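Two complexes are shown next, each including subunit A; its partner changes from subunit B in the first to subunit C in the second.
Now for the complex of A and B:
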């Protein structure tokens, strides 16, 4: 894919979101930049607290305030900057042009309304459909996401459905207005593996059918490898590596990405000792001026502690590490 | 394995939870059979993996084994002795020999206690050693699990998830057990931390000759850690085999689907993904015949009516499936 020649549908530039906690203020999302191209699946991968979910919430202006606040950056979508859009206008984008699904569908669905009412609400709000037309469209949507006997299911309440079925309903609501972009935040993390397979299958089919661009946020490197075209790796609020999925998994450049991939047990091949990354994920309050991974990095040098390295781009790939050289066979240099 | 008797022998283990007692007025009794007659053994020094999706009964099985729950039926032998009916007083000396590590490193440690109090608690309960001896032992245990002994006066909130799980492991080791039930011990941890704890568990098993029942939904991890693997579905073991056989040639359609459904971190790798239709049926009303038949891509007429027994179809490889009716019908393989 030649990313350079295409026009992105969504451009995030230097997005920075501050969180205030008892421990002080810190940047949960720290100068994050990326482009999302039409029809692509972009994986954002990282561990808890790395800022991947907060990035998605920031894009849609859904960061709870307080404690959160976007303090810098732009989110360009259809010629406008969503960060500076008034809430009323942002509401027209949210759910209609950019939709989002979450990890726990039970907490995103309202327990006191039937799923039919909840889908219809979205349709009537954004598409101004009448009651009857909304109901018909809701049946179509439930059928599209693979819910059996959709007309009867409209009258079910969320608690009457299984976790997998609830996630299908969330996807139906997300697709109600034919969004151009879908932000999927750990959409299968709460599900069992056979149900996860169903939902990922469904998302992949719908993505291809509708040509949506998808941002797939996950901690699961397997999911990224199988479903994303490109990937951003985040650590402690920053993007530390970016590139096409094949390239990143074949020759990860950042020591953190290398460490993560090496630490995974495998379903096939030799069983050896797992290679562990030492230390813990840093608490956001206690970050120094240097590279955030430096305290856990095997390649650390004094200069790494002095300044946080910028994300340096070489072709389709980018890495934020003083020790990584994308041009010079990264695997041999830093393995 | 060796000719010596297994450390753990479980036969026909069953656990029903009564959700509602029947009343004389026609309100039916509601009973959930979480574990429906499972049998397995664990040799000394062996790690047996118990895998399956939520609600399959794997966690209940682990608790029954330790008598943290009372079995409804079946026998449990630990070191040759039947323990399912032992009274608490008789059970007590045996409890020292079997311990558990829980999934949640946050909820399983009392936040008001210091690390020293947490790790020493089993010693206090069993009246082992005096104060000074216990303090010495705690320091050795902390060292053993890779935590600085100087941290003994700290409280759980001062530790990360991985460190808390090490504290939980130190507590489980305090009584020098022979068997550890590990219930999803790394599932709640971040990816970069999991490998540290997994390596620790491998080291401990090797250095202390421990026997593990490793309960997990993560099949890649189970392959890494276990010698043999039992796959559960709706309260039953559907397949039990040495690790290599199970991963190289899974026989039960459920095991196959489970393995094929795991996303692997190798982009571009074309794998055949078997996507099972539907949800796991409610354990309140398990399907008749084979419990898996409602989702099985290869279900036959007989599967709807007759429950397949767990049969040894190859040495050490057991499967409960009508496609594999016994050792002679090798040709019936998928």
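Now for the complex of A and C:
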């Protein structure tokens, strides 16, 4: 399922979010653009601090300010620009039409209310359901996310549930109002591996069932390969590569994406040291005029340091690298 | 629990047996809390049932019976006008606790309001807290005396003065908790689900700030009972002949050599109330403090 001629449900255009720190200002999200189509799962991958989460927060206007501020760009959703929407209107979009789930299921639920109250709160707030109707819907939702004996669980407090169960509850809350778009920010990072698989299965099943579009933010390439239709690779606040998941995994064009894929452990090859990309993500303050990946890139040449390459589109794929050759030789190691 | 869910298939994880009121259970195992509850309970009972416990009007003068020591006829003895000390001290308990309660109520209301606004809306923080600091720069009693002097003596004015004096302390405590809670992931999650600022503050932030507030209010109760006694000792509280612990002690101090019970008994009542409330507060703090909860 790739970007056809269908109209996107969510269009992000040149979204730029500035963060002010003691070291100065920098763009945590730097002219990020992408389209999300109905029923599509878009993976956003990148190292910690590359702006993945900030992008999601910016879409919903949740960037903490100070220190953050959206300085440019637009987020088109249902004919409106969310960036310029007044806070009150935005509150009606959040949770009802675009929902979000977070990384920390252990602390994303309010400890002093039962999970039933928390699911019901969203329903009563957005859908103006009565107390009883909201409770009934909450039971259905808990059953839908695979929580056993949902009617009894409704009166449990968050501390009585395991991490996996809590993430299921978070998903139930997010899905309460049948959102059109789900922003999942590292939904499985904090969970045990077996629970991760269960949660991913659940998300995948619910996504297909409800036909939601999902933005899946993760640093786990395995999750992207399994779940996403299209991938956006981010580096230091910018999108550096975009394309259908199979194509990117088959023939990554950007040296950074190649490095990411090469650093995955190989199941068939010899056991040896994992390959790593040398260096680390640049400090946002110290960016030069050139390509942001240049200091760590093996293919760097003087021209790379002169100007940051724009994201160049070729069919369904796009890459921001002067030296990228989309018809590059297939990689030696296949992930 | 995470490992439990890992080891067993999800369906097999039955809901654990629910223990009702876990906080109450822990409180009942806390010995000092129970001692505090007993001490304060005695005073509270005396105050609540004052009208049943006293046979003699606290203001009935009987010169014939003046300076009677505590004994079988007069439980707590009589004062220089032959008034029943029992009636006066019990009636005084009623007033002391009523004033303490009034202060706590006003204090909770304004302290929470100011603290929550300062903690949640960062723009208000500096303005509000600097005003609070200015209040706190004065010694408690001095400020209370100043306010009652301006408003005139009387128990209502004493409540207003004490509430004004203690509100900055409560506001500080609430602000500190709000500052912690507002950064929690569940607040961000609530924002992401479309909750407004008012809703987040009332439904998500404040309920999570209750524990330190409750503890603080017990201490404020104790302090205000004590300060009220000081104010009425100085003639700034309820006006005589209305008996308060403070003015009984003030009148009795002239006869402390001949009739020490006149000052001693309300003094003991005061000590008992303050000790009881402090023990209650300590117990609540031990039980409600989340850092201690984890260890138990």
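List of remarks:
Heads up, the rule we're going with is that the second predicted complex is superposed on the first by the 317 of 335 C-alpha atoms of A that agree within 3 Å, B and C clash if a C-alpha of one lies under 4 Å from a C-alpha of the other, contacts with A are read in each partner's own complex, and residues count from 1 in each chain.
Just so it is clear, contacts are C-beta pairs under 8 Å (C-beta built on N, C-alpha and C of every residue); 3 or more make two chains touch, one makes a residue touch a chain.
For clarity, every value in this text was computed on a predicted model and none was experimentally measured.
Once the two complexes are laid over each other on the shared chain, residue contacts for A:210 go to neither subunit B nor subunit C. In the superposition on chain A, A:312 makes contact with neither subunit B nor subunit C.
When both complexes are overlaid on chain A, the residue A:143 reaches neither subunit B nor subunit C.
Of the two partner chains, subunit B is the only one touched by A:201; subunit C is not. Of the two partner chains placed around the shared chain by superposition, subunit B is the only one that A:265 touches, whereas subunit C remains out of contact. Of the two partner chains placed by the overlay, subunit B and subunit C both lie in contact with A:164.
Within the superposed three-chain model, A:300 lies out of touch with both subunit B and subunit C [touch as defined at top]. In the overlay built on the shared chain, the residue A:226 is in contact with subunit B alone; subunit C does not reach it.
Looking at the shared chain after the overlay, A:72 reaches neither subunit B nor subunit C. Touching of subunit A by both subunit B and subunit C, each in its own complex, is seen for residues 162, 164-165, 192, 194-195, 198. Looking at the complex, you find that subunit A touches subunit C at residues 60, 62, 88, 91-96, 99-100, 102, 104, 107-113, 121-122, 125-126, 146, 148-149, 152-153, 155-156, 160-165, 170, 173-174, 192, 194-195, 198. Within the complex formed with subunit A, the subunit C residues making contact are 1-2, 4-6, 10-11, 13-16, 18, 184-186, 188-196, 199, 203-204, 207-208, 210.
Here subunit B touches subunit A in the complex through residues 53-54, 160, 162-163, 190-196, 198-199, 202, 217-221, 223-225, 247, 257-269, 273, 275-277, 279-280, 295, going by the rule given at the top.
Of all residues in subunit A, those touching subunit B in their complex are 47-48, 162, 164-165, 192-198, 200-201, 219-227, 245-246, 249-250, 256, 259-261, 263-268, 271, 273-278, 280-281, 296.
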